[in-house]
Structure formats: structure tokens, C-alpha cells
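Okay, so chain A shows up in both of these, paired with chain B first and chain C after.
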Partner chain A sequence: MTHLIETRELCFSYDDEENESTENKLEGKYALCGVNITIDKGEFVAVVGRNGSGKSTFAKLLNLVLEASSGEVYIDGKKVSPEMTDEELLDLRRRVGMVFQNPDNQLVATIVEEDVAFGPENLGIPSAEIRERVDAALELVGMTEYARHEPHRLSGGQKQRVAIAGIIAMMPECMIFDESTAMLDPSGRAEVVDVMEKLVREKGITVINITHLMSEAARADRIIVINEGKVIGEGTPKEIFTNTELVRRAGLELPQCAALLGELRARGVRIDGAGITPDECADIIIKKLQNREEE
Partner chain B sequence: MKNISLGQYYPTGSVIHRLDGRVKIILAVIHIIATFLCESLASFACLFVGTLVLVLMTRIPLGVVLRSVRAIVYILIITFILNAFFTVGEGEPLFSVWIFTLYIEGIWNAAFMALRILSLILGTSIFISYTTTPIQLTDSIESLLSPLKKLKLPVHDFAMMMSIALRFIPTISDETDRIMTAQKARGADFTTGSLIKRAKALIPVLVPLFVSAFRRADELATAMECRCYHGGEGRTKMTVPHLCARDIAAVGLMLAFGAALVLLNRVDFLYKMV
Partner chain C sequence: MNKKIELIDVSYVYGERTPFEITALKNVNLNIEAGSVTGIIGHTGSGKSTLVRLFNGLERPASGKVLLDGVDIWEKPKEIGKVRYRVGLVMQYPEYQLFEETVAADIAYGPKNMGLDADAVEERVKKYSALVGLSEEDLQKSPFELSGGQKRRAAIAGIMAMKPEVLVLDEPAAGLDPVGRNLIFDAIEEYRAVEGATVIIVSHSMEDMAARCDRVIVMSDGEVVADGTRDEVFSCADKLVSVGLDVPEITKLAELLASRGFDFGKTVYTVSDAADIICRALSGGGNE
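Right after this comes the complex of A and B.
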């Protein structure tokens, strides 16, 4: 079976001249180095890592905003390379949509629905179909009533949802969110993550969420941990967050609930199982308390 | 967030507001040409009444319309005075002081010129500034200029730049406010001192503003690329403007109005410009 996204020994360096000699890899001149990742259709993946670890670089390599220095990227079994024809490139960018951090810097038009239509218009979709897609996309992100509004009067979360609708209208197979919640307040963040989940569960779109928030990463099916341009860990949220060594090495912070369980454990309370969400942790603690009462 | 209205757009949903943007530009052009073709008192009177009717049709409060006239009051006065004293008439001058000689023709000419300017301002206000959104305007200009694409002129790119500029005006203006507040908190003073001192105080505002604008441009370019932007070629539009009966009728009526003005030039009542 072909994976939706597959990278083989992917390397990237921001300064071109110096990437010939292989020693540079060791000197850390590479923003990304030897990355092997596979992501399947319909997966919800979170990518975490400290500032400057290469997460954004990784995302930009997937839709050829940046060109790999060495190694390969395959999207749906098709090699991504600068030799692609213009049509192939457009198709690649359509398939792999990207939402960025600052919602202000990705909205192009002065009216919400015009902005959502921007992508499909670029693809040369017939007018009537664009209309349908725009309405459907706005409906999906819950912004139908703002269709005729001006983007600069919306809240951050609303703007970001408009940006998401703009990508959805291109009918992508995969959406990458590069710290798209970083500039939002908790309610805006919740709005956007809810949309992500909806995309995965209802539309079967693969979502890659690059984030610094562990509570957000915990909602994904799988977490990929990047540090200094290398993948240093991969697994379900439970696997990642119970691996304290890995979490420490990547400079991450545990989700508060997982941290609480860890602390209890450290103080000698015997806790079996791992919990990431507040719900799971509550269950584990209640069970423990009940056991104690019985004793 | 500050409430900035782009341009002077004043939504009332009137018939004129609902006209196609391209048609409104054409109407404005016809109106301008008609204004310059007026010569006789009869045609000026007709132009004035017609323009007034158009103003009423936009359903924009007269006070708002007068605001755009207020801006040109001085120009009107200067035009009036210059025309009044520089016209040499045939009969006896009304009076003559030093180098200033006033003929009756001078007063007529001056009044007509002032009326022309007034009508130019009102015409563009009615058809463009008050009733067309900036984005509708750029779209219409792109559409009207599209034949020039054949000459390899970058019409689409130009329209795109205009609409991005319009989109970012509020964003950048918010940012300017933020930077000014930040500099004030560091003790900057923008309101007192000589002009040069005040201009200098703006430098610490402009530098971060430019840096941030360029960063925005970079991010926006990446985002546009990711959304498959590749110039105007092969691009479609969600809303294709269609000319409806209303638009055709409006152009027809405006042409008739212009023709009527030209015909009224023949009516030699009281005064005719030469």
C-alpha cells in the first residue's frame, strides 16, 4: 500500500553552498537531516519539538515551498521534485494544503467568501462549482453567517477558520497546520482544534498539526517528536508522554494531567496505566482512591 | 480595533449601488464628457437638475454629499474669481478698478466653470466613491482593461496588487497604532516640537513598520503560493459579473441625457459660452 506521505532520508539546509561536504551534517548546518516518516490517509498526526527544531522546514518541504537538499518526498507514491511540471506542482499544492501561524498574513481578499474562493479560482474551477465549494467550506468551519464580512473585523479564531475554509475549498487530501493556534486565545484555539478533528473524523482528510501545546498534541492519533532536525521519537500520545526521557530530551512539557500522574508516581504512589486527557487521569485517580478505601 | 472605512463608500442599497461596477465607471465617464460639452444656460440648468436627481437617487444623505463639495470650496472660489476677471466681454464693463475689469460675460463664464467643477465632483461621487466598494472598483477596472492583456500589459497583476493593498490598509494601520503606542511608552513625543522634530520622532515608528511589512509580504507570498496562486493565467472567478437589463438601461439613459445636453446648447437663452 502506498502511504499518503513518505519521506526518505530527507535533508535540508538553508545555506546552499555548504551542503556538498557531508561533514556539515555533523556540524548541525542542516535544518533537517535524515528524516524518514510515513503518514497514511486519514491520520491525525501532531509534530512537536522545540523552537528551531525544523518543524516548519519539514512542512514546507512537503509541498515544495522549499526544495530538499537531498533525500526524497513522496506524496501518494509520486515523487516531489523541482522537475515537476506546473500542473503537477499545482496538483501537489492542492493536495497538501497549509495553514500558517498568523491569520492576518494569509488572507488575501477584503471579503470572507472572496478569500475562501481564492484557491479554487487559482485552480481554474468553474464559477458555479466554486460557489458550492465556498458555501460548503464556510459551513464546515461554522462561518457561514460571516460570508460577507471583512476579515479584519473578525476575531483571531474566526480569521483562522476562514483561512482553513480557504484550504478546504481546494479539496485537499492533507492539511498541515503550522502552529496555527499559537496566536489565539484558549477559545480561539479550541475552535480551530475542533475544526481539525472534524476534518479528520468526518471528511477523512489527513491532518498534520505542528504545535507547541502538548494538550493539543495529545488529541492526535500519533505524535512525531523532532529535535535538532532529526526525528527522535514517534508513537501514540500515551507512548510519547510516558517516555519521560524522550520528553525531556526534546525540551517538551508534559500535558498537565500526565505531569500530575508522573508526580504522584515519583512520590511513591503506585499508578498503573497512563493517562493524557483530564478524563483518563480522573479515572485512574478515582480507581486508585477506591482501591485504597477497600484496603 | 479601529473602524476604518476604505474610501467613502456609503451603503444604502439604492439602484445606483446595485449597478455593475464597470457600468458605473462608464456612466461616470459619460457624465464627465457631458459636463464638458455643456455650453448654454439651458444645458447647464439641465445638467444641474439631472445631477441633483442622481444624487437623490443614491439615497445618500445630502449632508454627506455636501462634505465632498466642501473639500473643493476653495478651488471653486478661485476658479470663479479667475474666470470672472479674465474674461473680456464685448459690451461695457460692469466696473473697472486698477487692472481688474469685470464684464457681464465674465460672471456667466465663471458661474458655468464653477458649475462644471461641481458637477465633475458630484458625478464621480455618485457613481464611484459613494456607491462602489474599492474591491468592486479594482475588479471593474481589471475587467474594463482586460483587452490590454493582449498587449502583454500586466493588468491582472496590477489589480491583484491593488486589492492586496486594500486588504492590508486596516491591518497595517492597526499596526502603526500599536507601534506608536509602544514608542510613546518609551517616551517618544509625536505631538509637540517643530515640524522637523516631529518628523524625526516618526522614524522609530516607520522603521519597525517597514520591517514588519516586508515580513508580512514574505509570509503572504508563501501562503498565496500554497494556495496555488500562479498569476492570472487560467484563473476563474467565483462571481462573474453579468450585465442585467438595469445596467443596459442605465447606460442608455445616460447617453440620452448627454445627447439632450448637447441639443440644449442650441437654445440661445440669456447666455452661451464661446
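Right after this comes the complex of A and C.
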């Protein structure tokens, strides 16, 4: 069976870059090394790691924003390489869309709906269909009532949702969110993660969320942990969150409730099962306290 | 309360007398206690950033007064520059503002402009770069060779090197991972302890604010909607949620447990606090 995304022994070093921007240069070091990952259609995957772990580099290799130093990337069985024709590259970028960190750097038009139409227009889609796509995309991200607004007057979360709509209008199969909530306030963050979930569950779009927020990673089906350019762990949120040692080694922090269960375990309290949300943890703790009374 | 900064009926309007007029702050009254760590929280566009720009005279209120040690900072508008040395403002993503050839030169920029002599400048560069955890080696590098977290700390050291009595930081830890975040907050705490400074932090992270602040001010739509000790503010979860904010997750868990009969007996913010209380209950200490 073909995976939607597959990487084989993927390596990347910023030193290979012809443009020697010192900003990205990690001297002689690989930003990413020997990464083997498969992601299937319709999966919701979180890629987590500390700043500089290589997680964003990984994302940028998937649609050739960066070119691998060695190793391969396959999208739907087709190899991603700089030898691709312009047409193939355009198709790749349409299929694998990206939303970046700064909401102010991604919007190009002066009216929300024109911004969303920018992608499909460039793909040469007939205008009647563009209209349909724009309306559908804005509805999906809950921004229909802002269609005629000016993007710069929106909140950060709203701007990110417009950026997402712009990609949805190109009908991608996969969307990569590269720290897309880092600059947002708590409600803006929740808005964007809710949209990610909707894309996966309702539209069957594969979502890859690159983040260092474990509370956000908890919403994914699967978490991939990257540290110093290597994959050091992989599993469901519950599997990853009960592995306190792995999380610590990755330089990350568990959401407080999961951390509390870990702390109780470390102090010798036997905790059965795993909990991530306050509700799940409350269940576990109440059960523990009741058992004590019965004993 | 020993008031370091006091705002009396302050209002601020953007684009006054134009069709784009927006009132960013409405009749704000607040006090910042000397030597405290005060957190300011609020949704995007609530007026937090406008507020911090008033503290050091970067913006002038449309009406009302800003007092520093009891003196109106706009009493002599020509001397407003001096206020900016006394109230140091670290803006959002300050690392974008590094511009010198070396990290050392960047940190030296502020104290140099204050007119300090070369020796004094050098001493301050050394002291505050060490305080934020940068090595002597880092000082000779170009700012662009540092990691994101290091750049941020270099920018903060540049403000600290002016030895402000009040250190104001707008989202100092945004976008950093837990390790980078803790390095920043530890440096801020050390600055406060060493210099006896007053610290004001704007942040979206309720967990960080609950762990680091003594007092918390909540802004919404240009108004102060809550102002009190950390316990007072975070015990009003409903109110925080209604203005687009939240309480720390562990505080939420504590409330859930309380509704199901297990009372922590106080507001908890930290994992170790919660673990202590639960362990005590489990080992038979019980809870009433």
C-alpha cells in the first residue's frame, strides 16, 4: 500500500545551501538526519520538538521549500526532487499546502475573499468555480461573514483562518501547519486547532501540525517526537504522554494534568490508565481516592 | 501599597478625529506595586500593548495621568526621554531589532546612549549578558549566529543594561520551547532580585503567569476588568473565560475535583503543589 507521505533516510544540512545565510547555519551539523516517517491519507499527525530540533526543516522538505541533502521524500508514491518539472512542482505545492507562523506574512490581498481566491486564480480555475471554492473554504473556517473585510483589521486567529481558507481553496490533500498558533492568544489558538480537526474529520484532509505545545499535540491521532534532527519517539498521545522520560529528553513539557499523573507515579502512586484532559485526570484521581477509602 | 506606577483615568485613542478612530483604552485606573511582578493578560486587541507603551511614555494618553514614583511623566514633555531609561520596555519579538555587528555592541547600545563611559558600559554588558545566560564567546558573535532563544535573551540584556527601575516585557517568551521559556523567566526573576526592580509582564500563557506573578491585571476591550493578587484573579475562572482567556489547566482540574468532593483547600497552579496535596490525601491524611 502506498502511503501519502513517506521519507527514507531523509537528511538535511543548512551548510549545503548555496545561499549562505548565516542565520540558518548550524555549523557542520545536520538539521535533520536519517528520518524515516510514513503518514497515511486522512491522518492527523503532530510533529513535536524543541526550538531547533529540526521539526520545521522536516516540514519544509515535504513540499520542496527546502531540498534534501540526501535521502528521499515520496508523496503518493511519487518522488519529490528538484528535477521535477515546473508543472509537477506546482502540483506538489497545491497538494501539500503550508500555513506558517506569522499571520501577517501570509495574506496578500486587501479583501478577505480576494485573498482566498489568490491560489485558485493562479491555478487557472474558471471564475465560477473559484467563487464556489472561496465560499466553501470561508464557510469551513467560519469566516463567511468576514468575506468583504480587510485582512489587516482581523485578529490573529481570524487571519490564520483566512490563510487556511486560501489553501483549502486549492483543494489540497495534505496541510502542514508550521507553528501556526505560536503567535496567537489562547482563543485564537483554539480556533485554529478546531479548524485542523474539522479538516481531518470532515474533509479527510491529512493534517500535520508542527508544534512544541504538547496540549495541541494531544488533539492529534499520532505524535512524532523529533530531537536533534532525529525521530526519538512515535505513538498515540496517551503513549507519548505517559513516557515522561521521552518528553523530558525532547525538551518539552507535558500539559499540567498529564504531568500531575506522571508526578504521582514518580512518587510511587499506582496510576492505572492514562489521562490528558482535566476530565480524564479527574476521573483517575477520584477513583484512586475512592479505592483508598474502601481499602 | 507602595505605588511605583499609577495610572489615573487614562484613555488612549488611535487615529483621533479620523474615520478610523479607535479607542484603545477607556478610563484605566491601576497601580503597580514597587518590587512586584505584575502580569497583564487579555485577548488580542484588548489594549495590553497600548498600555505598556504608556508606562514609559512611548505613547501619550489622550486624557488622564501616568505617574512614576508619584510624578506625572508628562509634566515636562521634553524630558520624557529620561523616563524611558527608568522604565525599560522589551517589545514583542525584540530579536528582530538587533542590528549591531556583535552581540556585545548591541547590548552596549543603550548604556552608551545614556552617556556612560566606556568602562561602565563594558561592565554592564558583562554583567547583564551573564545574567541572561550568554557566554563571553556569544558576545563576540554576530546576533544572527545565535539561536532564536539566545537572540531574545540578548535583546532583553540590552534593556537590562540600562538598569531600568521598572522592566516591562511584552510577551517575552512567545514562540519559545519550555527550556527557552524558563531561561527567560529565570533571568527576569534574577534581575528583579538583584536590582530590586519592579517587573511587568504581558503574556498569553496562563500557566506562566500563574507561576511567575504576584499580581495580575486582566484587560478586555480597553478596560481593566480584574485586578488583584494571583489567587484572587485565577479563582474567577468564569470571568476569565468570558473575556477570551482561561485558567491554568491544573486549576481547572482542581475545580473539577472540588465539584466531585475533593477539595484542595486552596487555589493550585503548579503540578508539584497538586501532587503534594493528593499524596497527603492518599496516605490517609484525608480531606474534609
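Please note the rule applied: the second predicted complex is superposed on the first by the 283 of 295 C-alpha atoms of A that agree within 3 Å, B and C clash if a C-alpha of one lies under 4 Å from a C-alpha of the other, contacts with A are read in each partner's own complex, and residues count from 1 in each chain.
Here is the rule we go by: contacts are C-beta pairs under 8 Å (C-beta built on N, C-alpha and C of every residue); 3 or more make two chains touch, one makes a residue touch a chain.
Only a predicted model underlies this, so the values are computations on that prediction, with no experimental measurement involved.
Peer 1: Tell me the contact category for A:Asn105 with respect to chain B and chain C: first, second, both or neither.
Peer 2: A:Asn105: touches chain B, not chain C.
Peer 1: Of the partners chain B and chain C, which touch A:Ile208 in the superposed model: first, second, both, neither?
Peer 2: neither
Peer 1: In the overlaid three-chain picture, which partner chain does A:Gly97 touch, first (chain B) or second (chain C), both, or neither?
Peer 2: first
Peer 1: After lining up the shared chain so the two structures overlap, which partner does A:Glu253 touch, if you call chain B first and chain C second: first, second, both or neither?
Peer 2: A:Glu253: touches chain C, not chain B.
Peer 1: State whether A:Pro186 touches chain B only (first), chain C only (second), both chains, or neither.
Peer 2: Second partner only.
Peer 1: After superposition on the shared chain, which partner residues are touched by A:Ile39: those of chain B (first), chain C (second), both, or neither?
Peer 2: neither
Peer 1: For A:Pro120 in the superposed arrangement: first (chain B), second (chain C), both or neither?
Peer 2: A:Pro120: touches chain B, not chain C.
Peer 1: For the complex, give me every residue of chain C touching chain A.
Peer 2: Contact set of chain C toward chain A: 43-45, 142, 144-145, 147-149, 174-180, 204, 206-207, 244-246, 248-250, 252-253, 256-257, 260-262, 271-272, 274-275, 278-279, 281-282, 284.
Peer 1: What part of chain A is in contact with chain B in the complex they form?
Peer 2: 60, 63, 65, 86, 90, 93-94, 97-98, 100, 102, 104-111, 113-114, 117-127, 130-131, 134, 150-153, 166-167, 170
Peer 1: Using the touch definition up top, name the residues of chain A that touch chain C in the complex.
Peer 2: Listed in rising order, the residues of chain A that touch chain C are 22-23, 25, 50-52, 101, 155-157, 179, 182-188, 212, 215, 251-253, 255-257, 259-260, 263-264, 267, 269, 278-279, 281-282, 285-286, 288-289, 292.
Peer 1: Please give the residue numbers of chain B that touch chain A in the complex, ascending.
Peer 2: Residues 1, 6, 133-135, 163-164, 166-167, 170-171, 174, 216, 219-220, 222-230, 234-240.
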